[in-house]
Each structure stands twice: as structure tokens, then as C-alpha cells.
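Look for subunit A in each of the two complexes below; its partner is subunit B in the first and subunit C in the second.
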Partner chain A sequence: MEQTNSHTPTAEQMIAADNTTLIKRIMDSDIFYSFIRSPLIVIAAMLCLTLIFSAFFAPWLAPYDPFDQTTLSLWAANLPPLSTDEDGLFYLLGTDNQGRDILSAIMYGMRTSLIVGLAAVAFALVLGTSLGLVAAFFGGWIDSLLMRIADIQLSFPAILVALLIDGVAKAVLGTSQMESLAIYVLILAIGLSEWVQFARAVRAAALVEQRKEYVQAARIMGVPVPYIMLRHILPNVVSPILVIATISIAVAIITEATLSFLGVGIPQTEPSLGTLIRVGGNYLMSGEWWITLFPGFTLVLLVLSFNLLGDWLRDALNPRLK
Partner chain B sequence: MMNLKSIGNLTLKSAAIGAALLLATQIQAANTLRWSSAGDALTMDPHAQNETPTINMNRQVYDTLIQRDQNLKMEPGLALSWEPLSATQWQFNLRRGVTFHDGSAFSAEDVKFSIERAQANTSDFKAYVNTIESVEIIDDYTVLINTITPDPILPSYLTFVFMMDQTWSLTHKVSSPQDYNSSEETYAVRHANGTGAYSLLEREPDLKTVLQKNPNYWGPAAQIETIIHTPIASAPTRIAALLSNELDFVLDPPIQDLKRLDGEESIDVTSVPQIRTIFLGLDQGAKRLRSNPELGKNPLADKRVRKAMYMAIDIRAIKQKIMRGLAEPAGIITAPGVNGYNKALDSRLPYDRKQAKALLTQAGYPEGFKIRLDCPNNRYINDEAICQAVVSMLSKIDIKVSLNAQPKSIFFKTVGNNDSDFYLLGWGVATLDSEYVFRYLLNTRSDKIGTWNRANFSNAEVDQLIAKIQQEVDLAKRDQMIEQVWKITKEDITYLPLHHQVISWAMSSKLSLPIVASNEPLFRLATYKK
Partner chain C sequence: MGAIGLAMYKYLLQRLVQGILVMLVVTFVAFAIFHFLGDPVNNMVGESATDADRQMVRLQLGLDEPVIVQYFKFVGNILQGDFGISYRTRTSVIEQMAVRLPATLELSLVSGFFSILFGIPMGIYCALQPKSWLSRNFLVGSLVGISIPTFLSGLLLIYLFSVTLGWLPSQGRGGLVSLGWWDTSLVTLKGWSYIIMPALTLCIYQLTLITRMVRAEMQEVIRTDYIKFARARGLSNYIVQYRHALQNSLVPVVTIIGLQLGTVVAFSIITETVFNWPGLGQMFIQSIEFVDIPVMSAYLIFVGAFFVILNLIVDLVYALVDPRLRAA
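Then we have the complex of A and B:
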């Protein structure tokens, strides 16, 4: 008994073995090879991770809490970058007109921007993918209806759709309620303005897949339709979804920033990058450039790194480019 | 296919057009004043909105019986002289030979018509003429105004009552003012027929207003032919337009930009203390706080709490950092230049956070309390920034303030509907007399008087004094009573005064336009330097 036991691998060993093979599989994969071979993408990925990390851990990493009123000192207002106030506190990127540390405000603001961007894309992804699968699988009038809606929506710029939804929400909810719900409305608005991309890509890929033999075999065997869609077709259309999602995050962050810059997005009490840029814009002419420049620069870095990653992913997952 | 030659032609042509345009604008610029401010006049009906930007635009086109010069001294307008015949009767002798822009003559009938129009229900100037009982026409150029009670400051109220042409108003069916609050459109909203130095040539609300010099103006002729107003809401855009010479004058440059503008050779900045004081209102009459009913009582009713809040405000930091030096810390809620103001009254309690905290503990709030501060964000200079600073300063004595900053249209409704415990307000003094502050802010509130007393302050002695001040004709006695009211309310800490606002105008250095403390440019006095 003991002998046989020593020969059969324990559960832990199996997981460990599985892990090594998984890591090995990743290391050996084409994608990883293409990743490690392009230094620009490595930098973009590192930058992206650093920004996300510093945003989500802002409460622990930021030098000051820009929303804690009791620590704000008006005497420290409008300090340029690299200055120290009379209490000996140091401000790397300077302070705004209330004495808030710009660096901390950016970290907290980036958190809001990322939450909105990621949540909006997640929403658009789920909605777009399900509608795309349904359209491809059922065809007929359902397909026509969904795709005509998509066509109509595509003829409007995404920002216009988001503005429209935001405006309607404001009228329905009223200004005071809108303040507390602004972030959810924004997620909904941006999500609804971007689902079309997912739906069209998934529909196209699914149409190709469902003519393949394995799907037809599953159908003949009587496998239920939802099961075929989720277990057989979905895994095979994941790569276009991934590519669109990465690029959409960048678009969603920009859309949010634009809406906030126009003053219809995130309220000032919980500023996002766009809000910070808008508020700082008032000081553009007066020589206090750091109030708007640094949030703007952060936005550029964030969006650029997501875009680079998205572009690279598109190429890496495209078999024709190998 | 477009070849190189045709491209070259095109460039040449466009260059020629460009040069022609440039020349045209230069010729035009010599006689044109292009100016901008954040907002537009709300209407051209001269009796529909008592709001400074609206009054200002109307004042270029319409005249009043008595007007104020650039130093805010009263001078004859459409009335050459006026005198009280008794305590309740005034005689006005009108200027002869004045014509409206459409050519019809100005006479006593128009005065009677205009004052009665200003008394109409939809008029926003009712409070200015509510002591007038009747207007009697003696002859074409003499009118008698009878008042219900003695009104020694009637002349200064009349500097806000614009004179319209009766015939024109009847022809265009505008004999009663536009009902602004229900967004009524009448002929008078976009057209005007006054006696002023300028006539209204073009009016597109919120886009463009063009005024043209009136060649038949009764006063000294204006120098500038055309005045173009383009409202630009975004401050950096407005300043960029001034810097690039697309504008000649900006009424409300943001104070953070003044240093830069002052450094520009082509731009002049002038500043003057405005007749407006910014203060915080505390509802001391309510049973409990609307924004914190759980507290069960109203801490603001306790003078020690009000004093603690007063002493927790570091006014020097607000002046230095938010107002960039362009504000004068205030001890009472009226500004220098107003009758009844004196330097001795205008002193502040010291900024002392420790004592403030001690007072709060004494009053029974060692842990502070929660409250909401209502604040406009587009009305006064850096209003929202001031409120943010107040929130942070009060948090240091453990009063947890949540800020509710809103555009003025919503904010004024909140405070006007008595829905605020704690708010920031600014008060200008149209009549340059303390009584104007008393009647709106200090008298016990009723439908007719004390309408902006949202501090719900009520003191029988003060009410009696105000009633006496309104009818006292002996100016020395009157001034004494005014001082008494200021002393009582200052001692009581009825309001928390912050500062007297300083206004700045930025204009092309070629332009000369005297700055006026009422923040109302008089374009008829503008000239271009040679």
C-alpha cells in the first residue's frame, strides 16, 4: 500500500506540476515571445501596471489624503512643483488653489478614471458579446434588428451617445440625486456607447465558427443552444474580444475625461483626471501650469499605454501576421 | 487635378482676402469697442430683471431721471432738478428736447408711464418704487411724485428706474414688463427704444449684442461708434481673446490672471473696491438644522457657536491665497462708500483657533457637529474656492461641513426658499445707503421686508430702528440710528462677514474707460487714446 502511495503523485504535487507546465506553456507561447521581443510593449505594460497599481493603492501610497479637510492648509496653496510649505511639507508636483497636493490628487483621480473605464468596458463587453452571440446564432429578424440598431448607433460618435444618456439621466434623476449617482450613470453611458464594437466583432467571428463541423456535430447530438454558445463558440471568439476590450479601455477613459472636462461627468467632490484637468484649466493663463499639466500628462500616459498594449495584442493574436 | 499654379493662385487670393479683412478690422477697431464678460444680460426689458449685468446693458440704451457718474455721485439725468415740496411730495423738472431713438419726444407722460410700469406685478423693480403712491403730471416737463410715507432716499432708488416711451410701448404691446420667471417673450425683450447714448442695433441673447452711437443724445456725445458684446463663459478663453486682440475690454478677468495681464504691455488692469460685501449666513431662527436634524437642536442659535465659527476663519489666508490680495477683510456686511459705513465698525474678531475650539466646547459641542454649506459657484469672485477654504478651516475645530456648490440660478432658489442653514452670500448696495442692507438682510422677515434675511434674525429693537430710519428726514439723527443698528448686529454676530470685494477690469492699453465701483461700465465715457 505504502509503495503504491509513494508512486502516485499527491494532489499538491499535481498542482505544482500543472503550474510549472502552465508557466512553461506561457513562456513557450507565441504571444509571450512576441511580447518579450518588443521592448516598447514591455515598457508600456510596466507603465500600465505601475499606473494601475498606484491608482488602486492610492490611500496607502499617496503622500497626502487630498480629501481630508483637516490636513489641508490654505497657506500651502498654489505652490509650484518641488516646493516645501512653511510646515516643512514637501510637494513633488506642487499644490492647487486649496493647498491640495497635485500628486496625491492625480493618484486618487486616476483611481476614479480607471474604475469608470474598466467598469464601462466590462459592461459593454458583457452586453455586446451576448447580443453578438444571439445575433449570430439566431440570425433572421433578430440579427437584422440588432445589427441595424448597431449601425444606427455607429453613425453617431460615441461621445455624443454618452452625452445624450448623461443628459437624459440628469433630467430624470434631478441634479441632487445625479451628484451621488454620477459615477454609475457615467459607467452606463460610456458602456452603452461602446457595446456595438463588441457585438459586431463577436457576431462576425461566431458566424464563421458556427458553420464549422464541431458546432454542427454538437447540434446534431442535441446539445442545448445556450450551452453551444457558451462552451463551444465563446471560447473561440475570445481573441477579438480581448483586443477590442484593451483598446476600449483607453477610449472609455478618454470619453470619461472628456465628459468630466465638459463638466457633465464626475463631480468635483471626487475628481477624476478629466475633472482635475478642467479645474486646472482655469489657471492655464495665470502661469500655474502644474495644476492642469500633470493630470493631463498622466492621462496621456495611461491612454497611450493601453493603446499600445491593445495594438500589440491585435497583431500578436492575428495568425496572418505570424 | 489641382496643379501647383492653381494652389499658388489660391494662396495669393486668400492672402489678399486676409489682408483686406485685416484692414477692415483695423478701420473698424478705431471706432469699435469689443468687450466680453462671463454672462449676458438676461433681457433687454428694462424693468424685468434686477441683476447687475442686465441693468448695465440696459443703462447704455435707457436713461433714468437721476443717474450716477463714474464716482457714483448723483447727477441730473432726464430730470434737470428735483426737490422735496413736503415730506411726502417731490417735484421733478424734466430735461427739454430729449428724443427717444425712434425720434419721438420725451415728456412727463413717459415718466408717469415708466414708473407705473416699474410698479407692475411682473416688474423686478417693485421694491425700488413701492413707496410711490402716485405720479402727477403738472405740464409736459414737470411731474410731482407723491409717496405713501416720507422717503428721503427716493432719488437714489430712482437711479434704477429706466424711462421708456409710452407710445412705443403701447404700439408693441409691452406696457407691462416681461414675466421673466415664466420665460415670456415680448417685443421689448430683444428690442429697445430709449434715450440713452447708444441704441440697440442687434441682439442675439447669449451670443452677441451690438450697440450703435445715438447721434441725438442729450448729453456729451459718446466717442465710440459701435459697441459689440460677446459673452464668453470660459475664463481662459476670454483672456486669450483679450491677449490676441480680439477683444478690447474684459469686465471680469479672473484674479489669478491679473498678474500676467498687468505684465502685458498692450493691456491695462485697473482695480477698485466694489460696493459689495461677501459674508456667511447662519440660520439662527430654525428649531433644528435642516442638514442635520438628528442633532435635535440648532447650534447656530447659540452666539458662542457663531463666534467660534467666526474666529476659526483665517481671513488673511483667504485674502492672500484665494483673492490674491484683491479683497478687504470685513467686520460689517457693508462696504466703504456706503452711507453708515465707518472704519471703526469695520474691524474683525481675531483669528484664534484655540479660543474658537474653547467657545465651541463651552457651548456644549466639544466634538463639533455636522452641517451643510450652500454656495454659489458662478456669482461672486472665486465663490466656490472661498467656500472650500471655509469648509477646511471649520473642520479644524471639528465642525464637519459638507459643501453644496451650485450655479447661481439653483443656489438663489435654495436660499430664497429658506432651505439653507449655512450659506455664502454677497450683498451690493444699490442705493449706497445702509438702509438697503437693513431692509433686505436685518429686518425680521415678512413678505414685504427682510426678504433675504435667511439668517432668520429677529430683534424688535432693530426692527423699530429700521422703521424709523426709513422715514427720518433729519440726516444726522438718521445716521445715528444706522450706527446703532450696525452695533447691535455686529455685537450679536448675526452674520459672519468675510470681505469687501475688489473688482478689476482688463482692457487694451489704447482704450480709456473709467472704472466704476458699481461694476457698471459707462461706455459713453470711453475713448481711444491717440
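Then we have the complex of A and C:
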């Protein structure tokens, strides 16, 4: 047995070998090279990861629990940044009107913003990609119908579409029910306002792919249509999807923040960055800038890092620029 | 006129039909919102009404008729300028919109003016001097500009110019002069002090977009053969850059700016909320807050019509500019 082992690699060895080649393949790839060569992008990626990490581990990393009513005291309200309250507690970014630590509120708020942004883009991606594939593959009236809907929707700005869906949901659900379902409605509204980009890009790329011989061969061999779409065409249209997804996350986060700022998004009970900025905006006139501007800067950094990554990815994945 | 050929008429007709189709879809969505969300009767008569009252309102509104008949009546009313009565203020929706329209239009136009005034020169500079220090800053700045949400730049301006410096008012619209039914804030200094911050806030996004587009178009044109040929002919730098390159790169830019005017109207919702500007966007946000459905659907139809008309104008301009459509 020992002898045969030395000749034929075990499953673990094969996986290990596969891993090294995978890492090697990544290290050798053009994308990795262009990544390492642009310091701005490395910084953006690190910033992005740090923000995501601190948002998702907020319950463990945040210095205080901003939703624990018992620890909030009005004595510690409206403290400027870098101040210490009477109990000797330190607040790096100050406190808001309820004595809530701004840094902790930002971390929890960013978590809500990211969840909504990522979920909305995931929804838009799945919906848009499947409709785009269907439109490209079947053509005919399905294609024209889907693309006309896309045209009409594209002539309206996403924020308006999301606002409208939100308003309709409010009328259907009623105000009290809306409160508890707000986050799902928001994901749906933002997702539905962004699917068009995915559908158009995937349709265009799939139309090119399916004229190629390997798809024709698969069709002649009698491979089922869903299998061709998912296993043959989809992997070849991944790069436009990836670029759009990255930029869409930035757009979705801004849309969520805007809706929350306008007061039609996330309720105050579970604030997102937009809600924090909206609430803090009321105190701006009396000079308490830190309540609204710190969440605002965090939002800008988050969006900017996704935008930079998306911009870079578009150039890196564009074969014409090589 | 002989130059305008059959192809162009066909093209414009096609566009017109598509525009009408879009408007039918938009009015249908608006009608569906009005018809199926909540009970219009309940919203009109209030809690204490008797069944007889309800029945009367129902008949008055024509709610006993088939849905399709109601839809065509709805469209007919809109064509006559009747958008119904607001649930919240109990006043005619069209009158409410007429009062607020000048505020939104002035804000959009001033902001559009700012973004063209700054955006085009910045874009030209970035294209002509791609390696200069200033161009790089413009480009990074434009990415930052896209990443700052409209409401946040508004808040920053308020903090800087109203709270810290105390130079400009932060809320509302003042210094108005009435020109018939149009109240303008553009003829007095006080009016400008109110409009300047909202207009700047609204223009940032457009400004970055225009800068990037002018740059991209111009870089594209500079690489073409006829520009190289113009240089080879010994034409001066000025003539080559401004007469040949700029003019040819501005055609797509102008059409996009036209289409972007619609986006300005949408973004004005946010700006109007930040600065408490009494325009249509603020009206729309309030209507969502209070589930004031007639106002919601009226705004939807207004924005839809605005977009369709802008699109048609852009198509018309294209048809006039594109020689392939002009000939034949």
C-alpha cells in the first residue's frame, strides 16, 4: 500500500497540488499583476476589506452597544470627538443626542448598509443575469419584450424607480407593517431598480458567445438548454457581470443611504448610515457636526473604495486595453 | 427641406410611436397605483361617512364602471390637465404642481448651467493635457464627486456656508419676484443667495459626468486620422483643437447633457429635501410619506412626460445632425 501511495497521489495530495497551482495561477495572472502594480487599488481593496470586516464583526469590535438602552445616558449626550464622560468612558468620535457612541453606531449602521447593498445587488444580479440569458438564448418576442421593459426602465433614474417601489409597498403594507419589513422592501426596491444593467450586459455577451462553435456543437449533441446556458455560456460572460456588480454595490449603498436620508428607507430603530446622517443632520445647524459628518465620511469611503475597485476591474478585464 | 429624406420621417415616426407607448405604460402604472392601492373612496370621504355617501362618491368617481373604461377616462382627464384632488391637502393636484414647477425648473436650469460652465473646460483640459498634475486631480476629484451622495454634499455646504461662515441661508426659497404666475428667484441678489447652494449641490454629479465624457470623447477624436491630417496640413494648434476636435466631440456630449436633464429632475428630489426647497421633488417625498396617491401618480406622469419629450428632442437633434438619416 505504501508503495502504491508513492506513485499515485492521494486525494489530499491532489487537492494540495491543485491549490498550489491555483495560487500560482492567480499569482501569474495579468489581473494580479495589474493589482499589485497600482498602489491606489491596493489601498482601496484594503480599505474596503477593513470596512466590511469591522461592519460584520461590529457586535464584537464596537466599543459600546449603541442599541442597549440601559447604557445610554443623556449626561453623555452631544459630546464632541475625543471626549470622556463623567464615568470615565472614552468616545473617540463623540456621542449623539441620546448619548450613543458615534463610532459604534457607525459600525452597526455600516452593517445594515452593507447587508442591504450586497443583498440588493445579489438579487439584481440573479434576476438580471437569468433574464439576460433567457433573452439572448430564446430571442424573438421574449427578447423584444424584456428589452423594451429594460429600455423604459432605463429612461428613469434608479433612485426614482426605487422610491416608487418603496412608496407602493408602503401603500400596500400600511405604515405599521412597513416598519418591520422595511429592510426587505428596500432590498427588493433597489434590486429591481438595478437588474437592467446586468440583463443588458449579459444579453450582449451571451449573443456573442452563442454564435461560437462550442455552443452550436453542444446544441447538436442534444445538451439540454438550461445546461448550455448555465455551464457553457454563463462562465464566459462572468467578467462583465463582475464589473457591473462591483459598481452596482456602490450605487446600491448610495441609493439605500439616500432613501434612508429621505425618510422612506430604514427606520430609526435599526439605523443604517443614511438614517444616522438624516438624524444627525438635525443637529448640524447648532454646530454638532460630528453626529452627521462622521457617518457621512464613512459612507463616502465605503462607496469610493467600491468605485475604485470597479473602475480598475473594468480596465483590467478589458482585453482591448492589454 | 429637400435634404430631409424619407428615412428621417420614418425614424422620427418610430420614435414618436415608442414615446406614446412609454407614456401609455407610465399612465397605466400611475392609474394602477391610484386604482388598486387603498380604497380611493375611503380616502376621499373620511371615517364618519355613511354608506350612502360612499356610494355617491363611488358613482361620482366612476368606480362602478369597467376598469378599462376607467383607465381611458383617467387618461382623458390627464390630457385635460385634471390630475384629481390631493388626499392630504384637498386641493387640486395640478394647481399644487403649477405653484411648485418654477422652483424645480429654476433649480435644475441653474445647476445645469453650472455643470456645463465648469464641466466642459475641465474635460477639454484633461483631454489636451492628460499628463498634467491638474488633470490627474480633476479625474480623482471626479471619482470622489461620484462617490459623495447628493445629500451629503448638501449638508457639507450648509455646514460650511451657513453654520460656520454664516454667509448663505440654508433653508427655503426667498427674494422672489412674481412674473405673472411664475415666481422667479433669479432677478434679485437675495434670490441668488438662496438658490446658489442647492444648485451647486445638484450640479456636482452632472459636473463629474460631463468632465469625464468630454475628456473621453475628445481623446477619441484627437486620435482620428483627420486630426492627424489637419496637423499635417500645418493648421495651428488652436484651430485643430478647438475648431476640429472640440466641435466633433461635442455632438454626443450635447445629447447626453439633454438626456441628463431628466436625471437632474430626479436628483432634485434629494436636494429639495436637504434645502427645504419648495419644488416638485419635495411634494413627491411628502406624498410618499402620507400615502397621497393622486399626487404620487401625477408626479410619476409628469416625470414620464418630461423624459419622453427630452428623448424626442434628442432624437430630433440626432436626425438633424446625422447625415445618414438626412439623405436618402
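As a convention for this text, the second predicted complex is superposed on the first by the 320 of 322 C-alpha atoms of A that agree within 3 Å, B and C clash if a C-alpha of one lies under 4 Å from a C-alpha of the other, contacts with A are read in each partner's own complex, and residues count from 1 in each chain.
The rule we apply is simple: a residue touches a chain if its C-beta (ideal position, glycine included) is under 8 Å from a C-beta of that chain, and two chains touch if they have at least 3 such contacts.
Just so it is clear, the structure is predicted and the values come from calculations on it, not from any experiment.
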Subunit A residues touched - subunit C or subunit B, whichever exceeds: C
First, second, both or neither for A:Y283, with subunit B first and subunit C second: first
First, second, both or neither for A:V172, with subunit B first and subunit C second: second
First, second, both or neither for A:I152, with subunit B first and subunit C second: second
Residues of subunit A that lie at the interface with subunit B and also at the interface with subunit C: 175, 281, 284-285, 287
In the complex with subunit A, residue positions of subunit C that touch it: 22, 25, 33, 37-38, 143-144, 146-152, 155-156, 158-159, 162-163, 170, 262-263, 266-267, 269-270, 273-274, 284-285, 287-289, 291, 293, 296, 300, 303-304, 307-308, 311
Residues of subunit B that touch subunit A when the two form their complex: 234-236, 239-240, 243, 254, 256-257, 259-260, 314, 317-318, 320-322, 385, 388-389, 391-393, 395-396, 401, 403, 405-406, 410
Partner subunit B, residues of subunit A touching it in the complex: 69-70, 72, 74-75, 77-78, 97-99, 175, 268-269, 281-288
Subunit C contact footprint on subunit A (complex, rising order): 152, 155-157, 159-160, 163-164, 166-168, 170-172, 175, 250, 254, 257-258, 261-264, 277, 281, 284-285, 287, 289, 292-293, 296, 299-300, 303-304, 307-308, 311
